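Here it is, the structure in full.
A, B, C and D label the chains in the order they appear, each numbered from 1.
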Amino acid sequence: MKVAFTSDNIAGASEAVVEAIVSAAASGDAMPYGNDDSTALVTRMFAELFECEVDVFLVSTGTAANVLSLSAMTPQWGSVFCHEESHLLNDESSAPEFFTGGARLVGLGGCDAKINPQQLRKLVNQKVGDVHSCQPAALSLSQVTEVGSVYSLEEIKELTEIAKSAGIPTHMDGARFANAIVSLGCTPAEMTWKAGVDIVSFGATKNGAMAAEAIVVFNRTLTESLDIRRKRGGHLHSKMRLLSSQMIAYLSNDLWRKNASHANDMMTFLQDGLRQITSIKINTPAQANMLFCTLPEGMEQYLLEEGFAFYGGRWETGVVRFVTSFRTPKEGIEAFIESAQRFHDLYCSPARN
Amino acid sequence: MKVAFTSDNIAGASEAVVEAIVSAAASGDAMPYGNDDSTALVTRMFAELFECEVDVFLVSTGTAANVLSLSAMTPQWGSVFCHEESHLLNDESSAPEFFTGGARLVGLGGCDAKINPQQLRKLVNQKVGDVHSCQPAALSLSQVTEVGSVYSLEEIKELTEIAKSAGIPTHMDGARFANAIVSLGCTPAEMTWKAGVDIVSFGATKNGAMAAEAIVVFNRTLTESLDIRRKRGGHLHSKMRLLSSQMIAYLSNDLWRKNASHANDMMTFLQDGLRQITSIKINTPAQANMLFCTLPEGMEQYLLEEGFAFYGGRWETGVVRFVTSFRTPKEGIEAFIESAQRFHDLYCSPARN
Amino acid sequence: MKVAFTSDNIAGASEAVVEAIVSAAASGDAMPYGNDDSTALVTRMFAELFECEVDVFLVSTGTAANVLSLSAMTPQWGSVFCHEESHLLNDESSAPEFFTGGARLVGLGGCDAKINPQQLRKLVNQKVGDVHSCQPAALSLSQVTEVGSVYSLEEIKELTEIAKSAGIPTHMDGARFANAIVSLGCTPAEMTWKAGVDIVSFGATKNGAMAAEAIVVFNRTLTESLDIRRKRGGHLHSKMRLLSSQMIAYLSNDLWRKNASHANDMMTFLQDGLRQITSIKINTPAQANMLFCTLPEGMEQYLLEEGFAFYGGRWETGVVRFVTSFRTPKEGIEAFIESAQRFHDLYCSPARN
Amino acid sequence: MKVAFTSDNIAGASEAVVEAIVSAAASGDAMPYGNDDSTALVTRMFAELFECEVDVFLVSTGTAANVLSLSAMTPQWGSVFCHEESHLLNDESSAPEFFTGGARLVGLGGCDAKINPQQLRKLVNQKVGDVHSCQPAALSLSQVTEVGSVYSLEEIKELTEIAKSAGIPTHMDGARFANAIVSLGCTPAEMTWKAGVDIVSFGATKNGAMAAEAIVVFNRTLTESLDIRRKRGGHLHSKMRLLSSQMIAYLSNDLWRKNASHANDMMTFLQDGLRQITSIKINTPAQANMLFCTLPEGMEQYLLEEGFAFYGGRWETGVVRFVTSFRTPKEGIEAFIESAQRFHDLYCSPARN
């Protein structure tokens, strides 16, 4: 069985997370619907992590975290600005429209899947107060982006300030929050509320949990409706400790950071290796745990036949995506690079032409 | 720590379920979003359990199972007939309206929280085709009902036939499906499709799982949209094996039946005990694992102060609810009955008057 | 052609209204979407009529006026309290759910289609803050009610005070607003904001206009979203003068009051006549222009065959509804009473038994 | 008072339309909600006009016609393909999302506001069956387009065939349907169902009516829900004859065609005149009654100060829009051209440079 770079959602969970579930399941009676001690503890841990008071809503999927967050930020006739390549716009069906009651996602351009500030500035001030048009309502950033790049703190601030100047709040889709933090070497506070972010989808599922995401609210005027929206969306777990136990383990002993560090390190290792193979083109330099490359003709097929797994065929010809996770093995990457090199030597080296 | 009869959602999970989660989490890579082997196995196990081909959609909450089911059964202008005391109508916020896009729940009367067939017959044929009125669209039965009674197979058939005669499908809210099966001593097939049920919310969370519910579809014309509705509702887990592993364990070795048998037996034991205390009135004889009683003045407070836990104060004066679960201990019930008896002897016996 | 009591929406329009349309259509260019002079004039006329500042939104149907009003008053998870016999609940399809994004209508009981204050008091304070339940959000009164009765000012105040004490606003469905004013002999201000009403659907269509209804907002915190909600509902007319011209004519020279007076007078005349016929039972004494009676067996068929028109067969056996309008002719009523009397004499008089 | 080219919705109504309203208003009782003779007549007239059986739903605004049509064509998770400059996408608030229950408008590129067939072909086959993505559901064409161009019959066919090949139906936004027919010199049948269109928003308001639009359905499988959707949207008029009388007059004696011919002729006259002024750039040659030009610096302000009216300042610098209507006077255009010429001679002629 060879290494799979398909996604970071194909891995199971960290041992500490599993142990926490076991212990939660065995721990006797607990009040349902989040009125238990472990859920209260999660909120305190997030407050400490983010160095401020926060409201926290645990859910079991990233889509739920994103669209519930947005639903608290926009009226039904609002425009939500996001990147045209974002997961929100392309991979969550019409969940955003469903939960917001019909608000509109507006996809903006920008290099490396980062929103272009000039475009944003133009749009947040367009047709404000015109009943014939959707009204600027919210900004949503993906950090890590959909192509594996990472916004710098300055880039985040620039965008949130444009939003704030127009009176609209900012959401961060942090499905790979930990990978971004490790990449930037900053604190969670610096990457969020200190940079103008009002609410974050804090992902754990892709980085060591089985199913645990937290909506973390800094701008607590957004909190009011989230409690009831979560229930109304069918996302209020009765045995909440299933979610809270995972999150406690994830936040304890720096597990979230260690897991993300491993994933990012493995990506660096992979990228460095692929860079040596001149027939492979790095499309966007990986800053976290995801990489888009263009492979020479035939290499994709060759590697898949060798037993490696990754996504291709969804983008332009030859473009493939590699994702590393908290448990991608280094040896697996070495074997992968070797195979790629072998194909290159056989079919792409100058001597052959 | 004394026994709690608050709800069957306060318990953790059965050991076998926990072991299954552990083993799923440790089992290496698996394709995401239900494209893994364990999810396929769940479908096969349900087909065997129900003795027919079925489509299965796993979700993590009972509200999601109910409202997604309904959303596939009714147009946005439909009437969904349910009992006026049902969980669907009273305890799921406006999730039914949200997921159905604005269909209307119509609460019907009927003894012991069972829908009155005469009322149903009248309503399913009312104002059909009249654009000024909501259109009869679906029937939803709760089995076990909200007061702890259980529809007989004949009662189910009578209602589904009324529905069918008007061309509308039937949903069963089976949050306590296993408890009902044990109570009736029938097969899952007999209680569902053989009795005219088109789709069932098959609950496991209250009876040994941590968070695992299955939408089981018999009338597969209802399946088409459910796949996308689940995603759109944010209910498609990426690491589906968290749900499928629980369900496999729950369905294996008759765990579901054993757990429900214990819960029901404990309720019988509790009810028999309370029946001996003449100052306590049994409101609806428990047929599964839930009981509504009226306690004499002062007894509720006394028992709570003794450390027992249960819900009161939500219904008419003195009315309380007791729920037993797969792990309610017999000794706990004995202690509870003793306490109730003690209160009775002290304050309610004829000698005192 | 004999007189028809089917509804007050079967009549055409008052001459003054038609002349106003003609003159508006011929008046040259006008700014679209309500930015014209006549629409501004309508707002000033309503301010004068109601003796206070108001915001006004013209629409072309009563359903639009009602459901747009409610949509500004309730969150998507709110409960809207109305009478169980109200038009809102029974005759507007699922428009309320559609426009409110899934809020729930809760039908209350009460004699003569007037909401029972005790029931309301109980419900507005129930389960507040409980995420599992719809949240009390708005009260909607019909004045005239669905059975032709009229709330007294004291009755309105009692209900709005109960609502206010729970922090929820009150809507009045005034499809027959003018008929109620004439019946009570009070001012529009007294029947609305002075009695605690926050927003009213002011109907003109049934009383002399072709299609013109105004949402009149007293509690202007409700105004903010209505402008955009009207557009979003497809209810913002480009040539608004079609609506505003009708409303100007309707409000000018007391036309609204004269028309309603005629309709009410004709109902009094009809009711007085029917009261003489002992085989006819008056179900709810008419206070405005609508009457529900129970006819003796055979009379309904007889009158229909004579060429009169009215609704029957929708309620209990023998129950029929009569509605008079701004142009119901007195002679028509005389002929109708005569016919009813004739049937009575032939088939119902004591001599026959 | 000088001529206004602001929009074709600033004019009043044709005399024949006004007379029809007068006569309808005075015509005695009529059954409500479209169950009257004149509404039936409208359907027969449309069947004759389009040379086939059709279902017809009258509404009072173009937004209602468009979004109700779409709501019958797409599931809540569908993608509706339209041009990125279309009225549907830019000028109807979030009404499309509201009525479709959250479907997504996808704006395509293409010259002269006509959809690029290659882009459409790519998108209709993208991610079909993928629950993570919105599903291709409908195509919506604007004829006349938003910039005043007109699709040829071949262009319409090419697009509808691409749609059909992917199993999705086509809607035509015919707010200026008559202007397009006159421009193409074809029959209504040729421009719609013979060219693959399934449903059309047939506009009359901009071309001689006060408020009357018809949803005309050729593909009658789309009809089923429209009846109830119209009521649910608050768009079912009780006194339908207000709408039907306008439409009857509009369709009688070729009024629709005469009015559009006048508007188009006036635009030709205007365009020919402006073409003589070399400092004015025609952006898209007008094919119907709308024209986008770029004026030389200062000319816009000059013309506005002269008392002419038109829209500018909404697009790139100097870009203005002229719209002619069924009652734009030729003399007004002559005066306008003269003024423009005068400005040109004073400030833009080569001699000045």
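In this text, contacts are C-beta pairs under 8 Å (C-beta built on N, C-alpha and C of every residue); 3 or more make two chains touch, one makes a residue touch a chain.
Molecules present, by chain and UniProt name: A, B, C, D = L-threonine aldolase.
None of these values were measured; they are calculated from a predicted model.
A.B. asks: Looking only at C-beta pairs that count as contacts, which pair of chains has more of them, B-C or A-B?
C.D. replies: Pair with the higher count of C-beta contacts: A-B.
A.B. asks: Most remote chain relative to subunit B (L-threonine aldolase), going by C-alpha centroids?
C.D. replies: So the chain farthest away from subunit B (L-threonine aldolase) turns out to be D.
A.B. asks: Just give me the whole-number Å value for how far the CA centre of subunit B (L-threonine aldolase) lies from that of subunit D (L-threonine aldolase).
C.D. replies: Subunit B (L-threonine aldolase) and subunit D (L-threonine aldolase) have C-alpha centres separated by 53 Å.
A.B. asks: In whole angstrom, how far does the Cα centroid of subunit A (L-threonine aldolase) sit from the Cα centroid of subunit B (L-threonine aldolase)?
C.D. replies: 35
A.B. asks: Nearest whole angstrom, what separates the Cα centre of subunit B (L-threonine aldolase) from the Cα centre of subunit C (L-threonine aldolase)?
C.D. replies: Measuring from centre to centre gives 43 Å for this pair.
A.B. asks: For subunit C (L-threonine aldolase), give me the residues that contact two or more of the other chains.
C.D. replies: 76-77, 92-94, 98, 101, 131-132, 228, 231-232, 236
A.B. asks: In their complex, what parts of subunit A (L-threonine aldolase) are in touch with subunit D (L-threonine aldolase)?
C.D. replies: Going through subunit A (L-threonine aldolase), the ones touching subunit D (L-threonine aldolase) are 76-78, 90-94, 97-98, 101-105, 131-134.
A.B. asks: Provide the residue numbers of subunit D (L-threonine aldolase) that touch subunit B (L-threonine aldolase) in the complex, in ascending order.
C.D. replies: Where subunit D (L-threonine aldolase) meets subunit B (L-threonine aldolase), its residues are 33, 75-77, 101, 131-132, 135, 225, 227-232, 236.
A.B. asks: How about subunit A (L-threonine aldolase): which of its residues touch subunit B (L-threonine aldolase) in the complex?
C.D. replies: 1, 4, 6-7, 9-13, 15, 17-18, 21-22, 24-32, 59-64, 67-68, 92-95, 98-99, 205-206, 210-211, 228, 231-239, 241-242, 309
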